[in-house]
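Before we start, here is the structure in question, set down as structure tokens.
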């Protein structure tokens, strides 16, 4: 019961804020809604027991990436009046068609899952540690060690790339 | 004029931002307005806008009697009224060839030096406050209060003293005033150590002042700097030594000089001047002769026709008065003040170029301008 | 486990409620005597001529970008630190590799002046 | 009872909103933000199924997705800024040249 | 307090130096280098003044700045006086000081209303603001000045306040009988703004 | 229901009130201590020795006219102080003020909740607080506040990295992210982490000064440069919320420092037997005492030091503290492997 309430409230918030992100006229407002959206997603992760991912969601997404967005929005603050959202905007037809297709797919899935319920959960993995962070860490630092190091390489490359891009060519 | 501006790392430049600093800004020492063109926080260019406190003292003096103008000079550099009084009175005395008694000359030296300490204390406090050291501000004001008490006892006023008369001084020293002055000198010497503990040895203070607003001696001279900012650049120029007035020719004192010409050197110069002032006060108190305090002055002050320029060393720099008398009317025909703050402030755009906003504040502080004198 | 978060949700509600309540409550109390000058933005006594939403230095982007990258990398270290007792030498080596990569980026940023403010 | 299907539908709806944003907005920064929404939709799926099947690999992947999103934001916004400095626009319709 | 009965003076007395007084080396050097430029010499209460030709002021300034016998490296002050009855009504006055010789000198040039005078900012950058002030207060134009704007008065100000024919109370547009009337007027204007 | 909702709710209300009271009296304490350092008296008028001054201040702020500048972004302008204050308060949810106590026949823990990722929770919630600052500057539509808010946010995120790195080295010692767990591990290891992680402790303290925009890192509100900081355009209650957030953050930093480095509610020398008489004093008193020492340090530093310049501040953060923190982390790991 409580789980359902939490889910529906959070889902409503997530979708509502997402719509506001996409429709807000002022980019700064979009960023604000994006933060709130991400915080709701983090709360959803908590209800799913993924504490560590939730913490990262807040720390990296809400506290880091969106700050970057906000700075960039303020850096390129266009002096022209903010772009109005028009229904007849670019690729509106294509966008709506695609969105419609996805919705049809979603409906299909919903119907399908009614017809054949998901398979019962498989047994939990046995890890030598308890606690969400510890378990995630254990997977990250044993089975997924190579992707982990590759991810750090990716971050390095991203940093170098961003610095090169930010430099003024003279 | 193309002395090197500080060089900072590789460029990540973007567009410039124009921002107003002042006239209502907590650290432009009154109503100074600086229009800054910024790149990020770096100052690309600065335009100094003044005149917000322009009261027309020069024009006003042309319709005031010679004696009344002493009052107006109080309002020039209102934190250092006594030195302005001395400067004006000496100029008129020079014009009228009035001989001032030696005792009055000594008293002028004592009052000028006390005033210099008071003015420098105000500078120290506000300069430290500008860089965020608020305790020094209150300490400096605590000691300044002692000087104001001394002045109050001498002439009844605490800020605009009207403490000089053409030909001498209005009254002799109150009883036991000399003892209090010497006592103050003793206290002040101890307090100087305290300030230096808080600032001179402080890493943050050094980082904030060393290498900021560097100007070499030749350029400082060319830009018309005078007083401590000029001496901070290593130029040995002090009106008290070069063109002695009052009883300064009988005093023994050193002219402290800076080396690098940065904010820190200007700070050091003024800190040394505190000590020199105390030294002068002690000498003057010791050698003060007995005698009258007012020379032979006609009842009606009406100088002969002619022009005169006379300068003194105010705490801010060379304070000059250029006075024209037509020999007929009861007021000066032309009254002109050469304000040291005005001329020092002129160097601000050159000093701040390439520095950060925080340095602008520190540099205004290190020039020690008083807007009452800049705008007159 | 999830129940440990209920107090946090409650606290969130109470804190937000407190903020909104005080704003609404004092909104009823305070006087409203507006005039044009009062509503002007502060610009040291000069009427603002240009819009404040001007463009600011790109260094802010650089700082935020470096922050995001470093933030992600430090976040990766938390699970490592928690299970370090079990990993020990293995953990040390893999983290040295990881930090090594981080330090290379850091060194590059330093060399290119991205860490300089001016 | 909340089943993975609920999460799937939520994530799909979020993905659709993001997609709509990418397709219709002109401001490239908002397009980027819409992409972040889509990435989040994916993450919701990963985490939800990870909880459902009691296997934490989904969460590990969500973490990788976040790391990649950080890298994407850094570089993407860097490109945007570099472009902006030359063209003074963030309108996606005007960003149609490979050279500038 | 100005004595209204007295006719305005036609100019400064500029008393010539006594014949037995030796002329300082700096002035003698100037006389030697530019004999045509010097119009008069004056000595009063210990101050030496050279009156020079308006058109030669920049050359004189350069000479005084660079010549080894003069080396006036400090330009303490640039100011002016207004003598309305005189055809060249303004005196522009430069107060100089030499740190090498410890010597003062005043240089004066006479300028008629509307005539420009060369700016000495190229010789003494310190003259920049001082000349701006003279322009602001007297309306004397300095040709070659890098940035000749008003400095103390607002940019849109009419007239030049230090001229003798400029009334002490200002040009008069805000002058009402009673200061309170003026305050009321201003308040009314502010309120109109708010509406 | 009682265990899950009612008791936490009561605790929340107690903590909230204690925080508000703490903030108001922290302001008074600050004014008094700085006044004494500067040979002044500080507030003396309202109540004996000015003890009612905070009440008067609060009343004034509540009754003061609340101005929204004409060109401001109105909604964001109101949202910013809320976004700034809520994270500052919500952090208190995981701070352990003490151990368990018996009250009304129940076993009550002196913390609102203890979660597995407590430390990460603290870091992430405080990182959200930066939005309040940026949005305040943006929505004011005024140049000085915008400049100040950009400065403030860049400063916050720069020092956050150094602080987070020191936290990793604490987690290396404790092996848990739970705040309660970190205190108990200090008890079981018999030492406060300040003694075995002095570098981390110092970096945390400096970073804490910078994170809370305190002197000598108070550049975002350096009134001498930026006239008032990001909240220049704010007045009345919305300003009060920023003010509250700022001081609440200072108390948070002190509390976190106490928990992580000074053994939280533990008495001094938790493992030395003959000092056990110190245990008479309840744990939460120790906690308050230690936090108070921190708060006093904050004030003392403010009264003494001049302010850094912005580039110097960023240099200190990026070029000194971060390398130091990384070196400290690696050293800690190596020593741990060597000892194992």
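In order of appearance the chains are A, B, C, D, E and F, and numbering begins at 1 in each one.
By our rule, a residue touches a chain if its C-beta (ideal position, glycine included) is under 8 Å from a C-beta of that chain, and two chains touch if they have at least 3 such contacts.
Since the structure is predicted, the reported quantities are computational estimates derived from the model, not experimental observations.
Visitor: Which of the two pairs, A-F or C-D, is linked by more C-beta contacts?
Guide: A-F
Visitor: Find the chain most remote from chain A, comparing centres computed as mean CA coordinates.
Guide: Chain E.
Visitor: What is the chain whose Cα centroid lies farthest from the Cα centroid of chain F?
Guide: E
Visitor: Between chain C and chain F, what is the separation of their C-alpha centroids in Å?
Guide: 15
Visitor: With centres defined as the mean C-alpha position, give me the chain A-chain E separation in Å.
Guide: Here chain A and chain E have centroids separated by 72 Å.
Visitor: Per the centroid of Cα atoms for each chain, what is the distance between chain D and chain F, given in Å?
Guide: The computed centroid separation for chain D versus chain F comes out at 34 Å.
Visitor: When the centre of a chain is set as the mean of its C-alpha atoms, what distance in Å lies between chain B and chain C?
Guide: Going by mean C-alpha positions, chain B sits 46 Å from chain C.
Visitor: Which parts of chain B, given as residue numbers and ranges, touch two or more other chains?
Guide: Residue numbers touching two or more other chains: 8, 10, 12-14, 17, 19-20, 25, 41, 356.
Visitor: For chain C, jot down the residues that touch at least 2 other chains.
Guide: Residues 1, 5, 36, 43-44, 51, 53-62, 64-69, 71-72, 75-76, 78, 82-83, 91, 102, 112, 114, 116-118.
Visitor: Would you give the residues of chain A that are in contact with at least 2 other chains, written as numbers and ranges?
Guide: 49, 51-52, 55-56, 59-60, 63-65, 67-68, 71-72, 74-76, 131-133, 136, 140, 151, 155, 158-159, 162, 166-168
Visitor: For the complex, give me every residue of chain F touching chain C.
Guide: These residues of chain F touch chain C: 4-5, 8-9, 11-13, 16, 62-72, 78, 81-82, 85-86, 89-90, 92-94, 112-116, 119-121, 138, 140-147, 150, 153-154, 157-158, 160-161, 164-165, 168-169, 171-172, 175-177, 227-228, 232-233, 236-238, 240-241, 310-311, 314-315, 318-319, 322-323, 326, 329-330, 333-334, 336-337, 340.
Visitor: Name, in rising order, each residue of chain B that touches chain F in their complex.
Guide: So the residues of chain B touching chain F come out as 8, 17, 19-20, 25-27, 41, 128-135, 138-139, 142, 198-199, 202, 204-205, 207-208, 356-361.
Visitor: Quick one: which bits of chain E touch chain B in the complex? Just the residue numbers, please.
Guide: Residue positions touching the partner: 1-3, 6, 9, 12-15, 44-47, 49, 73-77, 79, 81-82, 93, 95, 97, 99, 102, 104, 106, 124-130, 133, 137, 150-154, 161-162, 166, 168.
Visitor: Taking the complex as given, what residues does chain C use to touch chain A?
Guide: For this pair, the touching residues of chain C are 1-2, 5, 9, 51, 53-58, 60-62, 64-69, 71-73, 75-76, 78-80, 82-83, 86-87, 91, 94, 97-98, 101-102, 104-105, 108-109, 112, 114.
Visitor: Along chain C, where are the residues that touch chain D in the complex?
Guide: Of all residues in chain C, those touching chain D are 58, 61, 65, 68-69, 71-72, 76.
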